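My questions all concern the structure below.
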Amino acid sequence: MAADARISNFGAKAHIALNDPKLRANFRRAMDGLMSKRAAQFADPDEWTALRARGAAIRARALAQLPELLERLEANCTANGIQVHWAETTQEANAVVLGILQAAGAKRVIKGKSMVTEEMHLNAHLEGNGIEAVESDLGEYIIQLAGEAPSHIVMPCIHKNKAEIAELFADKIAGLAYTENVDELTAAARAALRGRFADADAGISGVNFAVAETGTLVLIENEGNGRLSTTLPPLHIAVTGIEKVLEKLADVAPLLSLLPRSATGQPVTTYVNMISSPRKPGEKDGPRAVHLVLLDSGRSRVYGDVELSDTLRCIRCAACMNHCPVYTRVGGHTYTFTYPGPIGKILTPQLEGLDCAGDQPHASTLCRACADVCPVEIPIPDLLVRLRTEAVKPSAAAAVKGGGSGKSRAESLGWAGWTLMYGHPLAYRLATWGMALVGNWLPASAPMLKQWTSVRTKPKFAARTLHQLAREKGYGHE
Amino acid sequence: MPDPNRPKSVYFFGTCLIDLFYPEAGLAGMDLLRREGLRVVFPDRQTCCGQPARNNGHQDEARAVARLQLDSFPGDWPIVVPSGSCAGMMKTHYPELFEGTPDHARAVAFSARVFELTQFLVEVLQVRLEDKGRPVTITWHGSCHSMREMGVVDQPKALLRQLANVTLVENPREMECCGFGGAFAVRQAEISAAMVTDKVISIEETGAAQVISGDCGCLMNITGAAEKAGKRFTGRHIAEFLLERCHGR
Amino acid sequence: MSETPRARILARLRAAPRRPAPERPHWEPPAFGAGAKAKFRAMMEASHADVHEVTRADWPDRLRTILANKGVERVLYAPATLAGAQLASAWGDGNSPRLMAYDRPVEEMKEVLVHQVQAAVTMARGGIAQTGSLVLWPTADEPRLMSLLPPIHVALVEESAIGDSLAVTMAAQGWAAGMPTNAVLISGPSKTADIEQTLAYGVHGPKELIVLVISDEAK
């Protein structure tokens, strides 16, 4: 089912990232900035509490009625003149998009930022079929020039500093002299992309919210490339995961008050683009045809488990990764797949399978910083534990792809031993008495202790346990 | 005026880390409660809250061990815990751990009685502390679970601020995880090492002579790293620290 | 028959356990009362938009001065709108700046839009104080690209149409009853922070946004 054969290798990739001081500095600085900007926006705790409760309920409501709302969305979009397509897999979605483009004779595509199309590896598929796809969002344009994947879902080139971007531009943009001046770099990108909007045969975008009530696609952005990509070319194709649907137009308001403030600490994005139809008779601009592709790709399976389907509430604000101490230190590429950070750690194993990404739910201390800032109250740490559980003991309904793939005989034996010791008072007191006696003789190089002592001294076993001392001091009796 | 709602007796849940590595902190916790006039009982059959198993996905094993704790604290008294992490496990996760089992009602009742130590000292006992110790500069490390599962953010600092000769310096990176995370320290040892290194640096930058914490997992992690790196500051569990200050040690 | 992707996806969703649809808990966006215009202005200016308070009678002259000072020579306008008509009447056939009409489909307007006009003037259906946003409601008479292609976008908004928040404005203006082809909220000139989180303006959309807030009183 999965389009690619990639496997997550969190530890190995983290090792590379942790030993790249420039990368660590870039991320540390960027995340610190994003955290303080967000904090400034949500300075009023009562407002935050009420707003996120509203946001969570809106998303939960939409998910509770997902099939009906998708049908309503389709009906209203269709009535408005938007052609709706459904795709179960990313391969199918790629085929649908390709089909639409080929039918229109499109050879050049201009793209607005869309994580779903990253999930699909759409650009590669189009290039392979002789269709050029140019990214118009500055961050995406930069990583496209560099031949890299995005490392953050809102700020795709956050892992690069000014000097690195300056070098990239000087290298890849014809006639541009080396400059680190941000205004000059921006102007260069604007000039390079200007002609592309006008020449493009089609524009492809994502969707932030799809409103069932009115058949409206809501796209938010700061640069204007999204509006250009969806207005200038004669054809617009919008792609979205099936979970992005909202019940009512009014639901957009609280979510819009949550997303930009959570993501970048802005009160609102420069543009909030609400598209409901292609160019109507008499109108002078806009695409003649608008298509909406609804992608499943594992989401319906996530939906099948009530607890895990909270994952689908996500509005892709990236606040979770901005606050994650793990993400800050290793950056987005460590996560291998499209979605990094805490949301990635719960979504990727469900979409790709625990057999491919089983190490991701464990790459967390469960510190809960993410849950604290999630604008739609996704209980990420609890879902991480749920996925850890599915990996060793899959639920009866086989909720997650690759469930049970994390089971190991050694680990099972280990926990059986642990239960024997900690589940029986006598065994426990005996074992702890023994550890107090000889524990300090354990060499620092012993398995597991070795990892600990790489940067810490050995823990010191006390000579007497608290159980022993408590009894002596008269705390033992009721 | 004695508060009629003030309990006369409490249970103490020591935690397995304190049992093996920081028993003095456990004793200090019980002493702090006893000197407020409470009867403190440490049930001998207690072992571990079960969090390590839960966090690693082994719910059956966690449940088996948690059930022993449900059995070991039978009376209706508050259960005071010198760890936000273990308190959080028992308070927020025991009910869901036993959902759909005959022990569910018991687990819910049990979790309602769980308090983190500083939370209990401040909110229930409203302790007033007199500082008999010499001037010292300290900084606080709030464990993630303490802050985010138990909502214990200011209570420990409120206690520390009562001590006249103690200067409490705020660490701007106080809210950042120290990288312990139980098995995480082994599974993703390099990331854990990076996190604790950053935490140690941030503590050193406060200029504090001691870092005080309410969680021994964090303490073991931070002081272990500080010691290995040759840092000057030491660490202490808040129960030990408070008791020392009260006795002028 | 569960043959199409659509049918299979919907079938899987319907086979899932039902879960309750929670009620929307109470939430109120902020209200600004008499301070709405000031809030609107402050938010706009914080986003690098230029805000001018004008009267219904004097705005075309004020605008001519503003644009002349910027060296703007050609301005795109929508002749069939109220603002367009007022502009044409006030500026006449003069040359500083010169008015050019967006009165044909874009396919015939590319040269004008991309290479000739330096500014465009549109109306706004309303404003939002909380976020400093304009509500643009493009129509056949006032096409979408006006507020997007030229480097300077001038928007006129009635002071009385500035609402406290998006929620209130949506409800007051009855958006759910019928959305246009494309409605857009504009909250400043185009910008990005993709390069080392440093703000830069005029990336792809207009580099400048000039907002004329119209009231009937002289200022």
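The letters A, B and C name the chains in turn, as written, and every chain counts its residues from 1.
The rule we apply is simple: a contact is a pair of C-beta atoms (placed from the backbone, for glycine too) under 8 Å apart; a residue touches a chain by one contact, two chains touch by 3 or more.
Nothing here was measured: the structure is a model prediction, and the numbers come from that model.
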item	value
Chain centroid nearest the full-protein CA centroid	A
Most distant chain from subunit C by Cα centroid	B
Intercentroid distance (Cα basis), subunit C paired with subunit A, Å	31
Centroid spacing, where centroids are CA-atom means, of subunit B and subunit C in whole angstrom	54
Residues of subunit B touching subunit A in the complex	12, 14, 16, 18-24, 26-27, 30, 40-48, 50, 52-61, 64-65, 67-68, 72, 75, 144-145, 148-149, 175-177, 179-197, 220-221, 224-225, 227-229
Residue ranges of subunit A touching subunit B (in the complex, touch as defined)	10-11, 14-15, 18, 325-326, 329-330, 359, 362-369, 371-372, 385, 387-393, 406, 411, 415-416, 418-419, 421-425, 428-429, 432, 435-436, 439, 448, 451-462, 464-471, 473, 475-478
Subunit A-touching residues of subunit C, taken from the complex the two chains share	4-6, 8-10, 12-29, 43, 47, 102-106, 109-110, 114, 130-133, 139-140, 143-145, 148-149, 165-167, 170-171, 175-176, 178-198, 200-206
Complex contact set, residues of subunit A against subunit C	30, 33-34, 50-51, 53-54, 57-58, 60-61, 63-67, 70-71, 86-88, 92, 136-139, 142, 155-158, 161-162, 165, 182-183, 185-187, 189-190, 193-194, 197-198, 213-216, 222-225, 227-228, 231-232, 242, 248-250, 252-254, 256-257, 264, 267-280, 282-286, 294, 296, 300-301, 303-306, 309
